[in-house]
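These are the structures, in structure tokens.
Two complexes come next, and they have one chain in common, chain A, joined by chain B in the first and chain C in the second.
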Partner chain A sequence: MTEYKLQTPGFDARFPQQNQTKHCYQSYLDYHKCVALKGSDFEPCKVFWHTFQSLCPHDWVENWDDEREKGIFPGDLSIDQFKDKTEEKKE
Partner chain B sequence: MSIETRSKFQLFPSHEVNPSPWPIYMSFSLLSLGLTLGLLMHGYILSTWWLILAISVVISTIFLWTRDIIIEGTYLGGHTIAVKRGLNIGFLIFVGTEIMIFIALFWGYFHSAMNPSIEIGCQWPPVGITSIKPTELPLLNTIILLSSGATVTWAHESVLSRNRHNALLGLFITTLLIVIFVLCQICEFNSATFNITDSVYGSIFYATTGLHFIHMIMLSLMLAICTARMYVYHFTATHHVNLETTILYLHILDIIWLFIYIVFYWWGC
Partner chain C sequence: MYMLNNMLNDVPTPWGMFFQDSATPNMEGMMELHNNVMFYLCMMLGFVSYMLYNMLTTYNHSVLPYKYLYHGQFIEIVWTTFPAMILLIIAFPSFILLYICDEVIAPAMTIKAMGLQWYWKYEYSDFIDDKGETIEFESYMIPEDLLEEGQLRQLDVDSPIVCPVDTHMRFIVTAADVIHDFAMPSLGIKIDAVPGRLNQTSALIQREGVYYGQCSELCGVMHSSMPIKIEAVSLGEFLAWIDEQ
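For the complex of A and B:
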């Protein structure tokens, strides 16, 4: 049996405040953009998932997931600006 | 003997104001207007006739009070130098309170816009809000207001240099420009793609531009009154408190509009 290791997100210089609401929200956005761009198996996306799972209250996440399903999520999840850059790199 | 000369011989230059019903009348009619607006907007009153009644009472009180002031000042000669100073100081304090309320609204705007909350997706303007382009109608409005500042200065200089024709023309053009501004704002509010219930953006936008809009309607009324009083020889080159306060009001609203234009239409879009 492996020993359970508690992992919480570390300090992020973009969110130095004690209130980590924006940190949680940005990680949620980043995770969904990352998955939309690279697929859910892409390993580096996991860090965003861990961060928002750790920081965000669960009912917030459920609420946002509902909103995304209904297409009324107010956050910016557009990935077109990143797509062009990855295609350029491939070329 | 002119008012000016007579005031120099007065031992007590402040005039004794007759008991006037208008301050308490005004307070209650404004209370009625505020209550009616609130109750109407939240569906407790269903007929708009109550609103029309409340506005009629406010406007008739303004009319009757202004009539009394004109009688005291112009016809009875009660507005001595000391009284004029008092009126000007009173108006300056009023303008100070106006500036403070707009500062409060700007504070609200910056609070919401500089660090948008997660509820609106950390973006300003929020998703779905198509903000008004600053290079279109708002730019025209800015030009109209700046021109009105120039024409009103021309009118004031003409009054001071005893040129009745130019003063009347200047005041008329200024009134016209302010009326055009009000009409442009109505066009803009009607054609905007968002309204006051659309997120904090719509709320703070219409709260501030709407308050400024109501002030501009008031200013156009004040300028119309000044033009009419100029026409019926109420103003002299040395005694025109009504005109001076109206000019001050115009310039203050002008400056507030410039800040609204820079912050709300340009920086915040």
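For the complex of A and C:
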């Protein structure tokens, strides 16, 4: 038997409501922004991945992935604002 | 005979006048609140019936329907504050319970339930195998002509949800077509499944058993044929089940 760790996204103060739709969606956006900024091997990005993986229905994620591939994803995935800050820090 | 019956009731029964037996602290609280409210309800019913009876039978000899009283400051204060107090006494425990049940603080696992016309689809996305695939299955009701001995008509499904006991679980409930409703009487859960919205609720099942629920929002012709079945097993057995999937 494989080892399992019972772990799931916990309480998030930004989403205390019964309605968790935004929790799922924001994590999806955050993950893809994170990957675009830091690369898919960057460990902290995985937190977002696990969160949206656990909260979003599979169909939704598939749908969004398709939309991103076709370039018609309506969400804001721009990372320019974050880029400036990281570059400023380096300087 | 009834008192000797130690079987716990987790299914709807004919002429079932009371709740199914609880399996979660939430449901315990709901039954407690129900009993509390019932107490006040019976008291008020008795009191009002007595007054009405008294007025009807002893009209001329009783002080209650005193017919020359046109205005009474004191009695007006009493019949305003007294019902208000009763309402507060009922309302406060109700709010406390409502907000406690709403809280999903530290769940150990998440189960997604998606309502479709007319079946449920479940996802256990916390568990990912080497190929990156998760557990996802559909749960259909067993039609009447395929029922086996001991299975429950309109309640048994081909693949039930398997849950560990004594583990905080988060249910994420949504729908893909019309509004459905994920209701489990024994667990004290009843939450709408709305397309495009993720509703969360939690459950801490405290005993092993098989629990049944039904879709509780009219969702079409086969609304009555999309039951929910939960098998609560020990954590070890649950992990063995996960392993099989």
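One rule holds in what follows: the second predicted complex is superposed on the first by the 89 of 91 C-alpha atoms of A that agree within 3 Å, B and C clash if a C-alpha of one lies under 4 Å from a C-alpha of the other, contacts with A are read in each partner's own complex, and residues count from 1 in each chain.
FYI, a residue touches a chain if its C-beta (ideal position, glycine included) is under 8 Å from a C-beta of that chain, and two chains touch if they have at least 3 such contacts.
Not measured: the values here are computed from a predicted model.
Once the two complexes are overlaid on the shared chain, A:74 sits against chain B while remaining clear of chain C. Once the two complexes are laid over each other on the shared chain, residue contacts for A:21 go to chain B and to chain C alike.
When the two complexes are overlaid on their common chain A, residue A:4 makes contact with chain C while staying clear of chain B.
In the superposed three-chain model, the partner touching more residues of chain A is C, compared with the other of chain B and chain C.
Judged by the touch definition given at the top, the superposed model places A:57 against chain C, while chain B stays out of reach. Of the residues of chain A, those at positions 21 touch chain B in one of the two structures and chain C in the other. Against chain B, in their complex, chain A makes its touches with residues 21-22, 25-26, 73-76. Considering their complex, residues 1-2, 4, 6-11, 18-21, 23-24, 53-59 of chain A touch chain C. On the side of chain B, the complex with chain A involves touching residues 118-123, 126-128. Chain contact summary for the complex, chain C toward chain A: residues 102, 104-110, 112, 114, 123, 125-128, 134, 136, 167, 170, 172, 174, 176, 191, 196-201, 239-240, 242-243.
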